[in-house]
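Each chain gets a letter, A, B, C, D, E, F, G and H, in the order it is written, and its residues are counted from 1.
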Amino acid sequence: MDVKRLQQLLESVQSGDTSVEDALESLKRLPYEDLGYATLDSHRSLRTGFPEVIFCASKTAAQIAGIVERMRTYSDTILATRVTPEAFEAMRLCAPEAVYHEAARIALIARQTPVPKDPSRYILVVSAGTSDIAVAEEAAVTAEAMGSRVERLYDVGVAGIHRLLGRTALLQNANALVVVAGMEGALASVVGGLVSRPVVAVPTSVGYGASFQGLAALLTMLNSCASGVAVVNIDNGFGAGFFAHLVNER
Amino acid sequence: MDVKRLQQLLESVQSGDTSVEDALESLKRLPYEDLGYATLDSHRSLRTGFPEVIFCASKTAAQIAGIVERMRTYSDTILATRVTPEAFEAMRLCAPEAVYHEAARIALIARQTPVPKDPSRYILVVSAGTSDIAVAEEAAVTAEAMGSRVERLYDVGVAGIHRLLGRTALLQNANALVVVAGMEGALASVVGGLVSRPVVAVPTSVGYGASFQGLAALLTMLNSCASGVAVVNIDNGFGAGFFAHLVNER
Amino acid sequence: MDVKRLQQLLESVQSGDTSVEDALESLKRLPYEDLGYATLDSHRSLRTGFPEVIFCASKTAAQIAGIVERMRTYSDTILATRVTPEAFEAMRLCAPEAVYHEAARIALIARQTPVPKDPSRYILVVSAGTSDIAVAEEAAVTAEAMGSRVERLYDVGVAGIHRLLGRTALLQNANALVVVAGMEGALASVVGGLVSRPVVAVPTSVGYGASFQGLAALLTMLNSCASGVAVVNIDNGFGAGFFAHLVNER
Amino acid sequence: MDVKRLQQLLESVQSGDTSVEDALESLKRLPYEDLGYATLDSHRSLRTGFPEVIFCASKTAAQIAGIVERMRTYSDTILATRVTPEAFEAMRLCAPEAVYHEAARIALIARQTPVPKDPSRYILVVSAGTSDIAVAEEAAVTAEAMGSRVERLYDVGVAGIHRLLGRTALLQNANALVVVAGMEGALASVVGGLVSRPVVAVPTSVGYGASFQGLAALLTMLNSCASGVAVVNIDNGFGAGFFAHLVNER
Amino acid sequence: MDVKRLQQLLESVQSGDTSVEDALESLKRLPYEDLGYATLDSHRSLRTGFPEVIFCASKTAAQIAGIVERMRTYSDTILATRVTPEAFEAMRLCAPEAVYHEAARIALIARQTPVPKDPSRYILVVSAGTSDIAVAEEAAVTAEAMGSRVERLYDVGVAGIHRLLGRTALLQNANALVVVAGMEGALASVVGGLVSRPVVAVPTSVGYGASFQGLAALLTMLNSCASGVAVVNIDNGFGAGFFAHLVNER
Amino acid sequence: MDVKRLQQLLESVQSGDTSVEDALESLKRLPYEDLGYATLDSHRSLRTGFPEVIFCASKTAAQIAGIVERMRTYSDTILATRVTPEAFEAMRLCAPEAVYHEAARIALIARQTPVPKDPSRYILVVSAGTSDIAVAEEAAVTAEAMGSRVERLYDVGVAGIHRLLGRTALLQNANALVVVAGMEGALASVVGGLVSRPVVAVPTSVGYGASFQGLAALLTMLNSCASGVAVVNIDNGFGAGFFAHLVNER
Amino acid sequence: MDVKRLQQLLESVQSGDTSVEDALESLKRLPYEDLGYATLDSHRSLRTGFPEVIFCASKTAAQIAGIVERMRTYSDTILATRVTPEAFEAMRLCAPEAVYHEAARIALIARQTPVPKDPSRYILVVSAGTSDIAVAEEAAVTAEAMGSRVERLYDVGVAGIHRLLGRTALLQNANALVVVAGMEGALASVVGGLVSRPVVAVPTSVGYGASFQGLAALLTMLNSCASGVAVVNIDNGFGAGFFAHLVNER
Amino acid sequence: MDVKRLQQLLESVQSGDTSVEDALESLKRLPYEDLGYATLDSHRSLRTGFPEVIFCASKTAAQIAGIVERMRTYSDTILATRVTPEAFEAMRLCAPEAVYHEAARIALIARQTPVPKDPSRYILVVSAGTSDIAVAEEAAVTAEAMGSRVERLYDVGVAGIHRLLGRTALLQNANALVVVAGMEGALASVVGGLVSRPVVAVPTSVGYGASFQGLAALLTMLNSCASGVAVVNIDNGFGAGFFAHLVNER
């Protein structure tokens, strides 16, 4: 589009309809963001399956509905995170095709269900405890919404290491892994030592006392003695799922 | 070897030399680690180019030389990080083929130079300031040692954003990115917003006062408002290069 | 008034009604605060447009109304921050001219609307995300109440840097800037690198996990690699607006 | 210059020497950084007295000398901070006109001494203790190098408040103030309450125990109950002097 | 069971029904977890009195009831911690034999009351203040449920050291001690200096201000100048009781 | 009682009813606490005006009433802190003479109003802001309940230093001072510099953002550059009043 | 002196040599600090035994000697803290009467040895371990230099509580106490529970690991469950001795 | 000795030489510490193998030698920790039988080598990395010096979990375990999940960046999801070995 405007301007100069001075002024006025926008946002518009994302925490149900209504006019896929049941009700009024993934607190508004291009490549989402599942599901649903195949392996914390060791094949065949753990967060290191593919570690705020709302797990993961582990923010299941999809897609 | 022992045992049962009961006992006694070792380490022995790694900080030159000597008997490639010039001198005595990457503080002992399988895929290592280059080089040399093609874009911190914006193509064509920044670490977010491939962010301890030895940059990167950014430990150039190679290799 | 008392005393000495000794004693007893008060508060009473300020957080609606009632007898302009709708209702009962800036959570009680002395000089208030707007508005409305012209540029966070780069002129022509950002707070550094006027950075508590209620953004801003950036407390929009007005006014 | 290139291109299209397609390609290839560079760096090249700055901490004397040598070819004024006597010796070999401000640890390489445009406007640099003077001088010399008149008021910490109160006129006539304090850093609040111009507060790492290398003073200043106070990083005298000059210059 | 499968496989090899190659493949496929499970979980199934444990914080009453219902089919003893009265009501519907220890917030579902093997060996649970009793009781009831004899000594904080010194025999005859204290947590050091048996220290979140939700007590206990003190997480009465039972049981 | 037991034992030895050996054994068994109790608690029972203290935070109204009922049987003065209006209602049912100091959140149950022994000696309680008054009153009422004369000087924060300087005599004639301040807590240093008597500093949790619930004020006060300042816990008005009374009483 | 100037001015008005207007102007110009200085510093000049204090850390031997030389002309007593042996040598050259208290790292320059006014009142300095003695001696020597009688009780940490309990009389007869402790700092609470006079607690940086350079002991002391305890900065023996003397002197 | 004094007093009462009243007075005056000392220290003098302990960090070689010389007159076993080679040389001059455990930095001065009472009970000391061995050896040598049998299992960090899993029997047959780990410290949780005996976890300061000198490992261990894990201070090998011996000895 920007290119079109540039082309029109140049043609207008060529034809003599516009003087060089006016074109120069026009180019100066030409907003940067337009050039920028076309370039920078191309990763969104040009790639199928990259959703628009709404982070719903600290927004009212009405605000969220308003944003959805506007986005829906130009975007095929909208992914809303941290969605309460109330917010979802408001959302569905303006977007009846919206689907609510309750465990993940995600609402997905998509014209069509994304289908993995290469089903042999999958992301494995691993969680340490049952309380970490909300964050794990946020990661899993995000990656699925972007078009990745996702497998799940939940409640396999290191206090019972055999639960993990019995699934070596599932672990080692994954193309990318998301490891979600609260409390001491040791699972990321153990998984990192078992596989040779990238592990995205997500500390959760699950725990009490000296877990300091996820700080303990965060530090554990950052100091992982296993190579191949990188970390996202506490409870940031969305970020982990998004990152893992980028790794997985090619 | 373990497989050989298993095979011998089974053949012995088959031939009647060993009773089922004795074989059962024998299998129970069979050390886990042997089975485990073969499986778990296979990602190293079976994949070309995965080096053995020695973290040399807080080891004496003599200790490092000793480890190198032993490793050299069974490993094609050894990557030693945080190597001082003194340590390298000791290392070279027992491994004359060792090459020292001074800026990266890495010594590489390899039978042959790794060649990227697919030269069209490259990792871009970006650094904010000149003081971050040691960490950036640790990432770059690590990824190269593992077989990735690496491009470098240094000293493009956000205080002069034009330095970065002029290299959009270099940024957007990278298959994986490593962003190295100290002080406020804002570069990771800006790069993350410009590209659609995974960004591995490395906070560095460069700075003073409220940088708290890299904590400020670490928190910045963990809270990145750009999707597609994951973080490794402060000054962990090796970890970032290793991770980026895993992303890049397929 | 103090000056008057001093004058009376001196005249009394001159006329012989008071001995030197008694005057000396009297001067010693003369309370410091009177001299001090006149001097120190003159910046308020002597400068038009400097409002009295009430920080309403943790005060009851009744308390706030009481303070307003008293202040209104001697002050032309009262600026109340962190005002809830309930507190505003109570305030309006005793000050019907009060105006509520809901987004800014500010109530303004002023005899007349302040008019910028030099409309060519303006403060630009920039915010990273929509959730930062409450703090940004607190800054903007404060500066306007003090007599500055204010322009706004909202939702231009660094994850989409083109949004910012398209407004270079608006940025570079500002006489002072307030940059409001939560999460990783990188916007202050980027803006600081684009302009050559003072940037007042306001970290906000927007974010979760390792944002630690604004600590991450605060550290980012304090470590800004761009010169010309100074920082106020987390969520302190009022302080930033006040400071920016001081910069702007001459 | 960029405008010239644009103009040439447009004229070439107008004259028919360049086709629209080629011009389009040419515009796409037109490096961003050039446009960006010209714009963004103009605040340096177009304004007299804005020095190039070298942060010398963690650079070797040889590196610093090298940078100075290169910069000297295109810049009238170079300001080097955190300069050790050894580094200065190396610097002077390639820039004999270099002047060393020992207390400020600053080296200044300038063709001519900057002269304040309006000598009636001055910055007041205030320090709490004698140990804070190194940082205070860094602020003072920086602002002077940029062309501001600077006054100094040192060793007036709040434990002896009379030292400060006796200088009210000096404080209240300043156009901008820099307050430098370690330990508990209370001086910034007190000064902020005495003046009606912007106060840039610089916490220092002077202190011991629970000063936590300047953290205590930093928090004090960020929480200042006086309006009109903004804060820079611990020990960042340069940043404060730079900021104060921006405030002072118009 | 695993052993059975192994035996069957070996017999099949012996009989010639399975070739050595196939058996070898079969052994490789034999899931780790089976071998692992039998071994690793034996400490639960083989030792009488080791309860299954449910950490009920952040689980709904319905979820807890569901878990209890399932566990009850294969476990003789279930210990549920952080149980609210509401959760207990739900629990009792499916497990009528459940007993609620209100002060300890523990529900115990056991076929029979555990009886200490050696009643002469006891654990002493000591608490500093009345507010620490909830955590102390969690420790005491846990250890009792596992089969230890437990004595209690509550409200003997160091501000009135005589309360402690009068119970020297009770302290010195204990086989293991649990010391529960909030605020400054000094009790652990004092008790550690009085006895020659292991002391498990439990910091509690009791306190305000600079207790930082138990951090102060935690640091105190970690730095205990008395030998023989080890520490568990803030408020982790369960962990302390569990650990003390392990020490006590032989 | 203990003394009685000792006396009986000695008389029994004297009379020959008990052998020296048996008495020796008996003395060894004699519980420490009895001797200890008499000695250690004497500071309470022997000094008039030392109240029993109940810290009511995190106790139910019923619990508090129960404790009051028991204490009332043996104590002339009971001081209850952090008392809610509901708790006071319950308290008054069993102690009709109870008096509620609402601003201080203190309930006082005393047979007679304490009268200062030496009314010329007074404690001055100083507060920085109106929000600090609850803590300041807790200090003032505590010291009064113990028998000190208390003067108050509220809302004299350092942002308007003249408010403080005008009360020099009141400050300098105090025998002990309590300084209560939140936000940046600078008032303690300024007061400490003005007087030559002990200053007990109380940081409060008043503030937001980087005040970190009183941590900023706490650090400020601990680092006070003025000699003669000591600090108690955040919001610990009781502790400050108690300490100041100890200083004042002789 | 100021009073003299005031008197001269008044007499000049009385005699008619100065008009009221001129006197008024003159009074306005009369520097605050002069009035302030006389008042505020009187606590030093008017009270016998209050020494001038030099904090020598981070000053060179030459600087310290210079300060001593100047101070010696107007002050009877100079107390220098954190004095190295080298600094003392330099000091003695210009002040031969200087006495070095090596353990306390204090140099005392006094015309005459201070004699306690009331020898029955003493300060007791208590230390937990031998490593805390340097700080304890700083407190003791400071208080002695100011004119207090000081008793010492060292190496009585809570791990061997009997060492403390055997000195009850020494503890309970002290008029003020200083308790110096590192590691977990529990001694302050125990001593606070044994006495009914003010306890000044000094955390020290003695310890390792989670002592965090004295932070653990600092928090312990701030959270002391014993009333009558106030705290100074980590390692601030001087401040504690100074404060205790103020308590002790009347 | 105390007992003797008591006996003399009683005999004196028996014989009529002392009245009951005088004896009563005498008993009241009888210093606490004497009774206390005998009781409290008995755990040292009465139990064979409990060594005297000297913490040598921050003591000079001369001081250490002095303490050793004195202790040697009354103690059979002296254990000195954190001993440098220089300190050991000084120590050996006065105690020729001293033995230096270099890796553990421990010097042991014992009349005879302690022999485990029950060699079937052993402590297993497990370390994650080679850099943790100094701390691990401090634990091992301490426990051996006290009379425990100790087994070692070093360099079995979780990044290569198979190294650990192959030693299940060694792990599960231990009577007590010490787990030493730096970086992320995850090993304690994994070991805790594999065994049913007490695990004493020792975080080490091994690591860099976000390990924060052992804080990360400390938090990990405190939040261990495995039951049966308690924690000692960072790098406190001595404390862990001491504690483990207490667990092991009966």
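To be clear about the criterion, a contact is a pair of C-beta atoms (placed from the backbone, for glycine too) under 8 Å apart; a residue touches a chain by one contact, two chains touch by 3 or more.
Small disclaimer: the values here were computed from a predicted structure and weren't measured.
Enquirer: If you apply the touch rule, which chains end up adjacent to both chain B and chain F?
Expert: Common neighbours, chain B/chain F: C, D, E, H.
Enquirer: Just grab the chain with the largest centre-to-centre distance to chain E, centres being mean Cα coordinates.
Expert: It is D.
Enquirer: Call it same or different for chain B and chain H: same when shared residue numbers make up over half of all numbers used at their interface.
Expert: Chain B and chain H contact each other through largely non-matching residue numbers.
Enquirer: Which one of the chains is farthest from chain F, going by Cα centres?
Expert: Max centre-to-centre separation from chain F belongs to B.
Enquirer: Is the C-beta contact count larger for B-C or for A-C?
Expert: B-C
Enquirer: Using mean CA coordinates as chain centres, what's the gap between chain D and chain F in Å?
Expert: 50
Enquirer: I'd like to verify one number: the distance from the centre of chain C to the centre of chain H, where each centre is the average of its C-alpha atoms, in whole angstrom.
Expert: 59
Enquirer: Measuring centre to centre with CA averages, how many angstrom lie between chain B and chain G?
Expert: 55
Enquirer: At least two other chains touched by the same residue of chain F: list those residues.
Expert: Answer for chain F, listing residues that touch two or more other chains: 32, 39-40, 160-161, 165, 168, 193-194, 209-211, 215, 218, 222-223, 227, 233-234.
Enquirer: Identify every two-chain combination in which the chains touch.
Expert: The list of touching pairs comes to A-B, A-C, A-D, A-E, A-H, B-C, B-D, B-E, B-H, C-D, C-F, C-G, D-F, D-G, E-F, E-G, E-H, F-G, F-H, G-H.
Enquirer: Spell out the residues on chain H that touch chain A in their complex, using ranges where they run on.
Expert: These residues of chain H touch chain A: 128-129, 157-161, 165, 183-186, 189-190, 192-194, 207, 209-212, 215-217, 219-227.
Enquirer: Can you list the chain H residues touching chain B in their complex?
Expert: 130-131, 160-163, 165-168, 206, 208-211
Enquirer: Would you pull the chain H residues touching chain E in the complex into a rising list?
Expert: Where chain H meets chain E, its residues are 36, 39-40, 43, 47, 50, 53, 165, 168, 172, 175, 193-198, 200, 218, 222-223, 227-234, 238-240, 242-243, 246-247, 250.
Enquirer: Which stretch or stretches of chain G touch chain C in the complex?
Expert: Checking each residue of chain G against chain C gives 3, 6-7, 10-11, 13-14, 16, 20, 23-24, 27-28.
Enquirer: For the complex, which residues does chain A have touching chain C?
Expert: So the residues of chain A in touch with chain C come to 31-37, 39-41, 57-59, 203, 205, 213-215, 218, 233-236.
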